[in-house]
Structures are given as structure tokens and as C-alpha cells.
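Labels A, B, C and D are assigned to the chains in the order they are written; within every chain, residues are numbered from 1.
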Amino acid sequence: MPVRIEKAFQVQQPIDKVWGLLSDPRNVAGCVPGAQITEAVDDRTFKGSVSVKVGPSVTNYKGDVHFERLDAAAHEMELVGRGQDVKGRGSASMKMTGRLRSLPDGGTEVETVAEVNVVGILAQFGGRVIHDVSDIMFGEFTKRFEQQLQQTAAPPAAAVAAEPAAAAPPAPEPEPVNAPAIFLKALRAAVARFFRRLFGGSH
Amino acid sequence: MIAKTSPEIGGLGHSVKRKEDLRLIQGKGTFVDDVRLPEMVYGQVVRSPFAHARIKNVNIENAMALPGVLAVITGKDLEKAGLAWMPTLFHDKQMVLAVDKVLFQAQEVAFVVAEDRYTAADAAELVEVDYEELPVLVDPHRATDPDAPILREDREEKTNHIFHWEVGDRKATDQALEQSPVKARVDAVFQRCHPAPLETCGCVADFNTATGRLTVWLTSQAPHAHRTLFAIVGGIPENNIRVISPDIGGGFGNKVPIYPGYVCAVVASLKLGRPVKWIETRSENLQSTGFARDYHMTAEIGADRDGTVKTLRVKTLADHGAFNAAAQPSKFPAGLFSVCTGSYDFKKAFCEVDGVYTNKAPGGIAYRCSFRVTEAAYLIERAMDVLALQLKVDPAELRLKNFIPSDRFPYQSPLGWNYDSGDYAAAMNRALEIAGYKELRKEQAEKRAKGELMGIGISSFTEIVGAGPAHTFDIAGIKMFDSCEIRVHPTGKAIARFGTKSQGQGHETAFGQIVAQELGIPVADITVEEGDTDTAPYGLGTYASRSTPTAGAAGAMAARKIRDKAKKIAAYLLEASEEDLEWEPGKFSVKGVPGRSKTIQEIAFAAYTNIPPGLEAGLEAVHYYDPPNLTFPFGTYIAVVDIDKGTGEIKTRRFIAVDDCGNIINPMIVEGQIHGGLTEGLGIAFMQLIDYDESGNVQGGNFMDYLVPTAVETPRWETGKTCTPSPHHPFGAKGVGESPNVGSPAAFVNAVVDALAHLGVTHIDMPVTPWKVWQILKQKGVVD
Amino acid sequence: MIPPPFEYARPTTISDAIALLQQHGEDAKVLSGGQSLIPMMKLRLARPAFLIDINSIQGLAGIHEEGGYLKIGGLVREADIESSELIRSKYPAIHDTARVIADPLVRSLATAGGNLAHGDPANDHPATMLALGAEVVATGPNGVRVIPIDSFFVSIFTTALEPAEILTEIRIPIPPPNSGGAYFKLERKVGDFATAGVAAQITVDGNGACQRVGIGLTNVGPTPLRAKKAEESLRGKKLDSAAISQAAELTAGESQPSSDLRGPAEYKRGMVKELTRRALTRALERARG
Amino acid sequence: MAKQRVHVRLNGREREADVEPRVLLVHLIRDVLGLTGTHVGCDTSSCGACTVILNGRPIKSCTLFAVQADGGELLTIEGMMQNGQLHPLQQSFHEEHGLQCGFCTPGMILSAHALLQHNPSPSEEEIRWGVSGNLCRCTGYQNIVAAIQSAAGKMREKGAAA
């Protein structure tokens, strides 16, 4: 059940800075709601999991994210994430492409396209909601990415480490991951609140 | 003409109330899931979530570790026993449990056995299967593309093409079509649908380690054939297998094939020495067991300007899914599809079918029809309407003009069938009369003038049912005869056993009426039994409307054998010669000597107490009937629909069904069958589709999306009949159970197209949904 | 068909139920009618570790008018709404809605409260409650709070209820004289979710002008929707066919359907338009009595 | 998961059983208490084959946990016969040929029973809506409607006589 979603937004940040974040695998992965990076296979491939909660229904996917393309010159990237339901009832994949355009005012336009494909029992019984759910999740992804761009203070990778129960990824590159514990706590709470709001208790 | 018996005897033509009802209305029936045996355990199938994937590993440890789990069977286990694959009923093989790869979503991958249903369900989730997803093929039109993935790596031929089959004179047909002054063409898809009997498939397999006997309670329309197949596949001596089909909650063709779940339950019982129950869920039923249709068809009619049809050319692509499991016993890959010339007198015809594999559930079974005749009837009846539109003639007139005349029977069709009898115009005229056709057309014209949408759809189908004959039909070599054994007890009561198996058709009553008709024993005194292979004579089962044409005939023939012997006994008792005796239902009398007669009951008593010298004791007979030909029931259906322009919703205002199935055993039962078949036709025409998205996800694989009409969507049916007996059947009967499902889809679709014809619409594929209709209305600017 | 294991409690008071909710947090689910939750559990699409069955709590099953409101208790069954003379006569839109929800067997158990609290955009009551300007009464650890229906539906399958809150009552303002309402649901067959559904509630003044109007939509967006622009277009206007058509047009524009087996988005938008026309027309007839 | 004691009055008889909370009512009735007249035809709460009457209301016994029925009054098809007499609905389904395979019949009869309880003389339309939660694949509903109409007549006469 393939779904295609396009989102574009503008930020008051120079294109190179934006590209720095968009081309940072852990950062991008960290912006996917419910996602956890559990292991870095190489600097372009990561193992991880995504938890998708729709009302009373929760599905946990385990799989990997791979950056198919990182074109610094063109400011274009493409990543493919694939995961299988841990209960063996299907799989989900997402191909995401991102393209940056610098704006006359020095800002940057971020264009992203996600092609989500769900296979298995969710695609059989959840057909009527898959589009809306994908749209909401991808919307949240872009929102978080924007937030990352705003908060220059904390290095983006923090978000990755901040994910609940995420094993700290073996840093593939020198840049150390050390954000103050207090910040992590705050972010955790924020994420938890967000999920309650987004998918929380219904009878 | 058949002698009318008294209501007490209740022979042919009486609307005898059904015997089977009494247990069913009290909840005292015995369906497979009602069978409970000591020590019984429960099986559940682990299924693939993917349509096409490599199996890298199956880990059963966690499942086995769950308390209450007794066994987890995988494809590798079956492979060791040589059971990983089983033969289908049509020259192919099918995986029982997948070993290397899966070929459709919901395919069987492992079988979990536990002490109860709940533990089995939990354990099924704990079986870890490591899949590597492969490219998926769902579009049959792309099956033979060079870049299409080869699905069946197990086959020699590295192609997704299964078969090419053609019949008729291609060259002559092409030429004739070329030269036809008028050509009409329709491209029609008969969508993938499913019989969906309300009871799903299942079994209880009980291998008795002490006796070495295997008893299988099975949702089977063909228990004897299934016993033989279990013997062949499982290598168990056939005398050590007993298949029992108890009460069956509807079949409609779905319960003809053998499914992996059955085999797994048997294997598990052999392994554990305990009875194993496996009952599939509805979703499993719709997603993995025998689907129907998925025929992508083109019909071209060549006709004269005056509307006389001359030539028919049919080309079809058949999507058989992952395995060719089309449960059909004819010699032809497309079954009886070549009856597609229908009720019309075509001079030349050619029909070709190509079958392909896709990543979809296997099947192509005969859903309430006789092996692809539904597809054929739908196609020709749609094509005739397209021709009528093109010629701007009334579809009823066009049909009347082209019917095979009643004096031309037996009729040899250009594609090789020999129609036994028919009077198509009679049925058509009766239907037009009941409908008040002229007034309806007048009303339609008035409505159209006011911008309202009303449609009248006609279908005058010819069915072809009653397989055998043996020269054309067999299952694994076993000829398609059927059988009856009758025993008349000393007190004049009787038991009759048949090789068929009722799934709601009322055999316990109707078959009793056949025997009552022939022997004059009251139907109340006759017990009818089916479905136990230890007691019933061998038969090929109930499907394709074959029960009455074959087993019913066998019943009459066996009864006649008994009557012949009864005549000898009567002659002895009456001290008269057989020539001087005359029969009336229930007794032999001496011609011209009032009062000198012996009732069948007196004769039965004598058969055990006062046996004529030189005659064997007892009054029994068995008969195996191989029909000389199929029977060809027919009829005309008229649908009247109103369309809500705002929503595209279609309301069937009236539906007139005139059926001709020759002589009728039980009018009440026949009418009930017609109501049911029409309702299934309604669902197919307007609501039902098992679809697959490009990833091979089943869409419409459960009762939330596979739409079964309720009492609210179902209209009140109007029925009528004509009677043209079959010349070759012992009492002139033809099968009828499937006519309404075969004939009605075209009537419904023709009605909707007729309502939109003035907008230039000539065809809409089924299911004809409100949104399809609305989109057309929008395109045509009828709605804003 | 076989639900996963869970723990079960059947508290007899609201406070006990809330205590249990607090105790078990995200793992707990409230079980009222169960006609949405249990089917999901049977398919193992939902796996709550703890079920809190509120069906034995007294005082939540009443339908009555009080203090300017129609009050429907959190445990009132659809069947009771369907057969309530008060609702049939004074709240026809709610009657229309109850009788097309699922099928008669489901309606024996399903509750209107659950129908709202499940947060499923395909459920029928939300549209009607939006049209009627209802309020949801939620009882939680900090007592009772009243949530206006407009802020109740947060996201797909997500409502404004906090995890430890229970929907205990639905309040509908008693409509003034010359009011009428209607709900139109298009479904593929009885028992199906709406392909699209539209609820309309209006009040007209002496000379037939529209004083108050509410339009709610079913299953044409990630949440139940209210057609605000369309409502705006009608306020103070005479409800002639031109006005109704314009409102229908606007409503279709405000809907956000996505394509599924029930039909393509374009069709659903068309249906919103058509059903809005029908709902407003019927509501007007009823308002005029 | 710990089992819980469930007590129901089933067709007038007190019955008890210990079941896991997740056990569906239909499985309590069929597998535990052994009354198999109540059937299961789907896994999405769509078909109504499992219809029983709980505390006077027709419900899908596949969409209720057995523990929820604790203390309740249950009527299944096995309880329709009264002192050896077929219920008028059972009679009429037989006389009007309102069943074929018989799999939907118990649920259909119980839904009809509930309908006639609060509407003794329903119109054809009311009957069709009344049993719209019960699917039948065999009869096309026409004779089911006829059977319910005829039973309604019989029951009215009875009522009048009584």
C-alpha cells in the first residue's frame, strides 16, 4: 500500500548549515518519530527500530536505514529505511528524498518527499488510515527537523541518543556525543508528551 | 410425463418440507467445528505476510517453549516426509508448507499444534520467520514480460505462463469476422471473487495409533475423492482412511480442493497420536482458499446488418495465482468455458485461453458454477448487449432473433458441445411477460426524458452442468460417475446412500423423493445418508450442479433395479406372470383384476420372509451412473435498476428470474436455490472483489471489505419457470443450483449499462460500485 | 480471532476505575461497549495489557434533559438512543445517526461515549455532535472537566482525553424552537464504515433565515471535521437551494478525504457535497416542522 | 493469565466455569459449556452467526469477553424450544424453507426473536433491517423474511389466545 507525501518548508539558515544537518545520518534518523538507532553498521547504514502507535494499535518495526545518495554539490539526499514487524506480521519501508534550495534572503527551502509502503496485516486492515498516519508521522519528522535547525545549541546527534532506550550509537565519526543529562530528560519528556498527544488514550 | 404421486408418498414435484431442518433449527446439527473428541488438540497455520519472499530461516524455539505447545511443523519437516508439496486437482502441485520461498500473502509457512485454540494462536506469533522480500507480480498482463520475476522456480519451464488452450477454427473465424458487416467487441474482466460459505474450511484429523486408522471429519464437498487423494498423497492404505463430511455450512465450490491445513492436521495427528482440529478463520478462508474467476476476457461478435449473429471470437487471460489449483475435472484447462457461444446460433467460433501465475492465492475454482461457465455466460450476455447497442435494437429482440431454435435440439455447438434440449424463446417470453417489458421500456423513456436513470438488463444464459460424462471428466483418473445404494428393510422402510454430499441443497429430502417416486415408499420412510466414506458408495461429490444429474439419476436407476426384483416377488406372491402385472407408485396389481395387488411394503416383507424359489433374499440395489451427456439448463433473467444520480447508488427495483431445469424434484427447494444464487450474483455484480495492491497486499480479504449482501441490500426476487425435460436423464431433470449465479451477473451489469447507454456507456467492469457509476456521470457532465 | 492475554478488572465506581487507569497508565484501556476495541484485539492489532471494564459503574446509562442540556450517559447503548422517544422527537440528527451505526447486534452493546472516545474519524456520532455543538464530560483524577466538542478530536484515533480520564457524559444544548437536524451516511452495505457522512443541525428564525447552523463530517479526514466556512456562509441567510448548494460546495472543499476501497478521494468529496445538500434540506424540513 | 470464575444463567440453567479474561463468550458457550448450536462465521464481528441473547439483548458472542457476561442471563438456540415444543420461529423457518445449510440459522432465529420481542408485527422492511447484522449465503433472505412474518403471526395469535 504505497503512499507518497511531499512536504516543503523554509528556514532562516544558510544552505550549508542546513545541508550539514540533512546529510547527518544520525540526525535525520533521529527526527523520525518513534525511531531508535541501535547500531551503526557504517557511516551510511544504521540498524534501528520504529514504533508506530495508532490509537490502541502499536506496531514495532526492526530494520535498517541506508543513505542511498548524499550529493553535497546538488544538496540532494536519498535514504531508504526498511523494517519488519517484530511480530512477523509484515513490513514497512520509506524512501525519503531531500532537496535544498537557497533563497534570495539567505534562508533555505527544504523539499522532502517520502514514499511509504506498508506490507502485511496492517495494509489489509489499516488501509483506510495508512495515508493519514503516514502524513502525520512525516509531518512530525519535518517539524522535528526544523526544530533541530532552530536549536543550534545542542548538536543534532543528541536527538538520537535522546530517544528512549536507545543504545548510544558507536560514533562513526570523531565528533563526540555529549549533551547535558538535563537536556536529554527534557527532550524525553517532550517526546513522551508529544506521543500521548498524537496517539494517546482513547477508549 | 411423470406420474404424480400422492402427498403421502411425496415423489417428484412435491414441495416436501426438509428433513434436515429439524436438527438445524434446534442447533443440533454437527458441523466440523462441533466435533469434540477426547484428547483433541488444536492447530493453527502460520502464514506469510509477504506476497513473494525468500525464506531464510524459520525459528520455532520460542513457540515450542510456550507451555501447552505440542508441535510446530515446518516445510522442512514435511520435506523429509515428502509432503512439502501436494498435487492440485489440475496438473500442478502446490506447497503444503513453504520451504524456500512464499508466493502469495497468507501462504502457509508453519503449523502450530497446542492444547487449546488460545495457546495455538499465541504460539503462531512466536514462530520467527526470516524473510527476504522479492519483487512482486500481481498484474497477469505483465506475467510474461521479459522483466517479470519467475515465480515458480520449482518448474522446468522458466516462465509464468501455465498453458495455452484453444478450441474452434481460428482461421475460418478470423476470416468470417473480417468480412462481417457488423462487429461488436467487449473487453470484460470477471473479477477475482470468493464463494465465502458462511462456515469456513476445517477438519478434525484423528489417527488411532491402536488401529492404524485415520478418521478425518472434513468440510468436504467430495469426501470419497478426498479419501483417495489422502491415500495417494499421504501413503496411507485407503481402507485405513475414513472421511466424514458432517453437516456442511455451505460450499459453493470452496470445499472441493484439498487445502494445506487439512494435510497439516493429518500429519500432526499422525505425529502426536491425538485428534487435531484445524478451523480456518474467515480472513484465512478469503485469502488462501480457492478463489474464483479472475478471467480477463475479450469477445468479438461478427453479425449481419439485420442483427443475425454469425461469428464469435473469444480471447482470455486467466490469472491462476501462485499454483494452478483450479479444482476442475474436465480435460480442458479452461473447463467448460467453450460453452461461450451461449444460447445463440453462431456458425463459426474460436476461443483461446492463456493461464498465468501471479503472486496471488491459488484457485480458480468453480464458484457456484460448472467450471468457468459463469465467465462464459457473463461474457456472451454482455457482448450481445454491446451488439444491441451498436445496432440500436432492443436487446430482447436481438436475442429472440438469434436463439438456437427449439426444433434444432439436440444442438451441436460450433465449439463442440451437444446441447440436450432447450426452448430459449419460451423462457424469454415468459420473463418478458412477468416483467411487463413493454411498459418498463415506456417508463424508462419517460424517466429518461425527466433526466432520471433507470435501466433494464436481460440475460438469457445457457448452463452446462452434471459432470461426467466419464469420457470428458475425471479427478486423478477417477471417472465422474456418481452412485446410489438403496436398502429396503423388511418393514418396507428404506435407507438410500449417495456418493454426493449436500451442503444445504436438501439432499436428505429431495433424494428421498426420487426413491419415493420410483418405489412408492413414502418419503418419510426413507432415510438418506451421504458423506461417510465407510458407508456410502463411492462418488465424486456435490458441485457444478451435478448431484441431481448424476447421483439423482443413480438413485432412480437403483430404485428401478429394486422395482424389477419387487416385480418378480409380486408375481410369485400374486401367482401371476410378470407380464400381467402393472405398476402404480406403491404397488403391483394384476391387470384387469381389481383388488389383486401387493404393496411395496408387502413385497419388502416377503423379500426377507417368503423368498421366491431361485431368488436371492433381500431387497437392495446399487447403481453407478455415468451420464451420457451433460444437461443444459437455461433461463432468462431481467433486472430493473434505478440509479441515484447524486451518489451513484444502484437500487435493484425488480428482478425476474425464469428458469428451466427440466423436471423438478422439489419446487420449494429449487426456488430457494434460485433466491440464494441470485443474491450471490448480486454481491458479485455490485460489491465483491478480492484485489491486490502492487505489493501483493490482499484488499478485500476479510468480511469488513469482502462485502456480503445483507437482507437490506437484497431485493425481493420474482421467479417463474418453463419446463423442457432433459431427454437423456432418467426422469428428465437438469441441475439448477448454479443457474442463478451463472446467469444473474450479466443481467445486473446490463441493467446499469442500459441506464447509462444514452450517455454512450457500453461497459462497466464488476463490481459495479456507486463510485464507478458516479465518475461516469461526472465525466459525462450529468452531475456537477 | 483469538485476543492476546490481558488482565481484567470490573470496578463498580468511577473513582476505582480512574485509580486503575492511573496505576496502569499507557498499558490500560477502558472497556465500555467494546465493539471497536474487541475486534481490534481479536486481530491482535490492539494489545492492551490491562482492561478496565466500566460497564458495572452505576449512573452512566441515563438519557435525560436537565439544565438546558440533553445528557447522554457514557454507558448509554446505541440501541437505547435508537429507541428513545425523546431523542427521536427532539434530536432527530442523533436518532438518524444511531440507527445507521454498524448493525443491530453491535448497537446492543456499543455506546455513544465509546463512539466519540475511540477517536476514529470513521465513527458516526462525532459528526453529529460537532453539528450540535455538544460537550464531552470527562472524569479524571482531578475531578470533572467539560471539553467542548470542537477541541475534543486531536488527531487520528486521538482525543483530548487524558490517559486517566473517562468519558462519563455527552451534553447537547437543547435546541431552541424552529430547530432541525439530520445525518446522512453513505455506506457500501449495512455494517460498513461511512464512505462519507454528513450531519447538519440548524435553527431558523420567523422568516426562515438561518440563525444557528452546525455541519459535521464523517470519515473524510484524519479526524471528524466541522465545516466552518460552510456554516459561516449560511448564518443569517435564507436557506434557499442556492444557499444550500453553495454551503455544500464549501463543505466539500473543507473535507480532506483520502482514497481507499470505499472510493477515490474525488468521489468522497463529491459525496460530501451531495450529502450536505441532503442533510441541510432534511434539517430545514424538520426545523419548519 | 490467571483464570476468573464466570457464572451465567444459560437457557435457564445455572452454569459456572473458570476462564482466562480473554476467552470470548462464544468460546465459553461452545468449547467450555459444550453448546455448539452457536456458530462462528468470521473474525471481524461481521456475520452474526454467533448471535445469542444476553440479558434480553441480541449480541455477537464473538465480540464480548466471557467475563463480561458474568452474572448474566443467556439465551442460545438450544434454549428456544419450550417444554418440548418448537418455538414458532423454529417452526416457521422449517415451514417457509427459511434455511438451507443451516449455519446462520441459530443466529438468525435469535436476532428475529429479539426483533419480535419489541416489535410484534414488523413490516418487511423492519424485518430486513432487524436481521441486517446476520449474514446468510444460501437463502437470499426472502424465505427468512417470510418465516419471521409467519412466526410473528403465530405469536400474535398465541398472545391473543393467552
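Points worth noting:
Here, a contact is a pair of C-beta atoms (placed from the backbone, for glycine too) under 8 Å apart; a residue touches a chain by one contact, two chains touch by 3 or more.
Treat the numbers as computed from the prediction; the structure is a model and nothing was measured.
Comparing chain pairs B-C and A-C by the number of C-beta pairs in contact, the larger count belongs to A-C. Each chain gets a centre from the mean of its Cα atoms; the one farthest from the centre of chain D is A. Taking each chain's centre as the average of its CA atoms, chain B and chain C sit 44 Å apart.
Per-chain CA centroids place chain A at a distance of 34 Å from chain C.
We define each chain's centre as the mean of its Cα atoms; on that basis chain C and chain D are separated by 29 Å. In chain B, the positions touching at least two other chains are 117-118, 125, 281, 283, 699, 702, 704-705, 708, 710, 712. The multi-chain contact residues of chain D, meaning those touching 2 or more other chains, are 20, 22, 40, 43-44, 46, 129, 131-134. Counting partner chains per residue, chain A shows two or more touched chains at residues 87, 89, 121, 125, 127.
The complete set of chain-chain contacts reads A-B, A-C, B-C, B-D, C-D. Residues 1-2, 4, 20-22, 24, 40, 43-46, 48, 51, 57-60, 62-65, 67-68, 70, 111, 114-115, 118, 129-134 of chain D are the ones that touch chain C when the two sit in their complex. Against chain B, in their complex, chain A makes its touches with residues 1-2, 84-85, 87-91, 117-121, 123-125, 127. Against chain B, the residues of chain D that register as touching in their complex are 20, 22-23, 27, 30-31, 34-44, 46-47, 49, 76-78, 80-81, 86, 90, 93-95, 97, 99-106, 109, 124, 127-129, 131-145. Every residue of chain C that touches chain A in the complex is listed here, in rising order: 26, 29-32, 37, 40, 43-48, 113-114, 117-122, 154-159, 161-167, 193, 219, 221-222, 258-262. By the touch rule above, chain A contacts chain C in their complex via residues 54-58, 87, 89, 121-122, 125-129, 131-133, 135-136, 196-203.
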